[in-house]
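Next come the structures, one after another.
Okay, so chain A shows up in both of these, paired with chain B first and chain C after.
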Partner chain A sequence: MNQIEKTKTRLMGLEYAALAVVALLMAYALWWVFIGVPNERVMGPVQRIFYFHVGSAIACYCSVATVLAGSLAFLATRKRIFDVASEAAAEVGLVFATVVMLSGMIWARPIWNTWFHWEPRLLSFLCLWLVFLSLILLRRFGDQERTPAHCAVLGVVAAITVPIVVYSIQLLPQFAQLHPQVVGRRGLREDSFRWAFGITTFALICFQFFLVYVRARIGWVSIRVKMASNDAMV
Partner chain B sequence: MRRAVGQFLSVFLSMGALELRVRETLAVMLSLAIIIAVVVAFGVTTVFLDPAGREKLFPAAIWICFILNAAVSLGRSFEYETEHRLLDGLLLAGVAPASIFISKALVNFVVLSVAHLTGVVALGMLLGVSIAAQSTDFIIISVLVVLAYSALATLVAALTTGSRLRNALLPIILLPLVLPLFFCGVELTTQLALGESFSLGGAWGQMLIGLAVLYVGLGALLFESVVRE
Partner chain C sequence: MEHVPDTFPWMFYGYLAIWGVFVFFLFSMLRRLRAIERTLPRHYPSSEQSPEQHVNK
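Up next is the complex of A and B:
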């Protein structure tokens, strides 16, 4: 076995190990969410959505941070690998943002008696979802010769949306909004709630980074295949 | 420093002169400002017949008109420059990309301000609502929103210029990014219209100032990466 084959085998072993760790973490988090914590006193079982909703939101912010880091690194070095990472993070970020929006709606319907409420936190997160969508559309339909640089610029501008989402809760007084500030106001008083929240968030962040890695690897392989086929044609 | 200012002034004046000569964006914007104002006013008067309802809706209506008009009209923002390779010429002449960006953003700012003023006057006349009493505060809000919008729209217009779908892609990319500006504009104008105490030191005002500074700064920094590839 030559050196390249050895490296490939070692890399695949690491990937399987990472997959196993992420799967175990997710299973442990699921056990805590559905079995480990008791029902919340006021909201009942539907409150368990909270762990996925907030955890996915934090994982989504990690995707934006990856898009920002990848975009800045690409603009500084012009290395294609950073563009691939940024593209992967944008796609995974859109998935997590969709999970946040949908889980929020499912939670809001029985608790607030509405699917959506026009207030700063929900609106700004909807903007973030649309920004992810626009990043993907620019890559698909933008100027094909300059796509990586253009997407990197948009990635940097798009990252401004996250501080807006975080800050948005302070734009109106708490009594004028339905969206609660559970974590910010230390609403998780039971130890089991805090532990379930921590482990679910950690598991979702790991899952997000694993998905970004897998998507980036697929993107990188497809670029290599394209380059090889172009070389073959020449 | 003097050379940079001189460069910026000559690029700004030549781009402004080009806009005045071609008049494409300005003509489209002024026409759209009036058309959108008529459509919005028609919808509002059909639903809200009482003057109090119209007054409450007026701040949102003027910013809806502005955002829609600007998003549609600025699609042609870099078209003339790209067709005639003006940007390449300026870059080859050694003009700093930040100077080109600020010049273009300022030209767009002037054009958008004229269109915004037209839209506000048209809507005010059609709905029978006036904010003349708070005109100074309204001008401050408008300048900040239009400035931030112009900077961001100039950057995004440059991103979409080379695309086949540029006219559709520009609003799709631009609108989610400018929605926070729209919220700031509507909230601050509503405070004015309802006679509440108005201050740029409040949460909405701080956010508006922050976004204006960020968009102008980021645009000037990132424009080089958009045009020099």
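Up next is the complex of A and C:
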């Protein structure tokens, strides 16, 4: 059987089941975010952004972990499949990082009275977003032969950024920065808040891995199509 | 009774942005999938080589 025929572009049985599970989890998470939890008394309804904002940040770190694993595996084996996985995770990571940035800015505007503040957490996350963007741009405009190796090295750099983002909040005392340290300081005291946060984060992580899988399959098929067209030209 | 600020519009904008980004990405993936599917039948006969053979040294 030929190579492209083996790689279907449509979703199949188990993948539809995974999609259904992700959709159900997301619907359950949205129910908790909008109905299950009460309004936070200081910030009001806008605090509900928290669940998707922090959940997306954690899902984004999962993308970075996938990029790191794919990059290291590619550097060790030079197998194209790891590069494809790394590329897919980088693209999905950029999507989640963009969600974190946008939702954070929209949340910050009514609460801090500013869209952005130059402080360690926000600045380090902006750096992570830029690293993701550079991974995408490098693939688009880089030298085709060397791009996978260059992207693998940049993928390792992206992974180094994550602990900097996580611990950047501890560089300054809380009174010197606007970004709160909610989870680390046990800010979610009510059970419903904790449950909504947990289920939303889990749903977003599952959604992220599903997107990486689908994007990687598209990447894999497009490589086969490109090779087939090269063969046809020869 | 405690006064809870009415920040509903900002919550709405926030979730609009979140789902806007997700939907944009899903549509871009769908567009790429359609583009591949359009080229697929033309290349069916000659694709015996594995992508592993195209690995950069």
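Some notes on this structure:
Going forward, the second predicted complex is superposed on the first by the 223 of 234 C-alpha atoms of A that agree within 3 Å, B and C clash if a C-alpha of one lies under 4 Å from a C-alpha of the other, contacts with A are read in each partner's own complex, and residues count from 1 in each chain.
By our rule, a residue touches a chain if its C-beta (ideal position, glycine included) is under 8 Å from a C-beta of that chain, and two chains touch if they have at least 3 such contacts.
Treat the numbers as computed from the prediction; the structure is a model and nothing was measured.
More residues of chain A are in touch with C than with the other of chain B and chain C.
When the shared chain is aligned, chain B and chain C each come close enough to touch A:E145. When the two structures are aligned on the shared chain, A:L171 is found in touch with chain B, with no touch to chain C. Contacts of A:L102 after superposition: chain C is touched, whereas chain B is not reached. By the touch criterion defined above, A:C127 reaches chain B but does not reach chain C. Look at A:T161: by the touch rule set out above, it reaches chain B but stays clear of chain C. Overlap of the chain B and chain C interfaces on chain A: residues 145-146, 149. Note for the complex: chain A touches chain C at residues 2-5, 9, 39, 41-49, 52-53, 56, 78-81, 92, 95, 98-99, 102-103, 106-107, 109-111, 145-146, 148-149, 211, 214-215, 218, 220-225, 227-229, 231-232.
The touching residues of chain A, when paired with chain B in their complex, are 75, 120, 123-124, 127, 130-131, 133-134, 137-138, 141-143, 145-146, 149-150, 152-154, 156-158, 160-161, 164, 167, 170-171.
If you check the complex, the residues on chain B that touch chain A are 152, 155-156, 159-165, 169, 172-173, 175-177, 179-180, 183, 187, 203-204, 207, 211, 214-215, 218, 222, 225-226, 229.
Of all residues in chain C, those touching chain A in their complex are 2, 4-8, 10-11, 13-15, 17-18, 21-22, 25, 29, 32-33, 36-37, 39-40, 42-52, 54-57.
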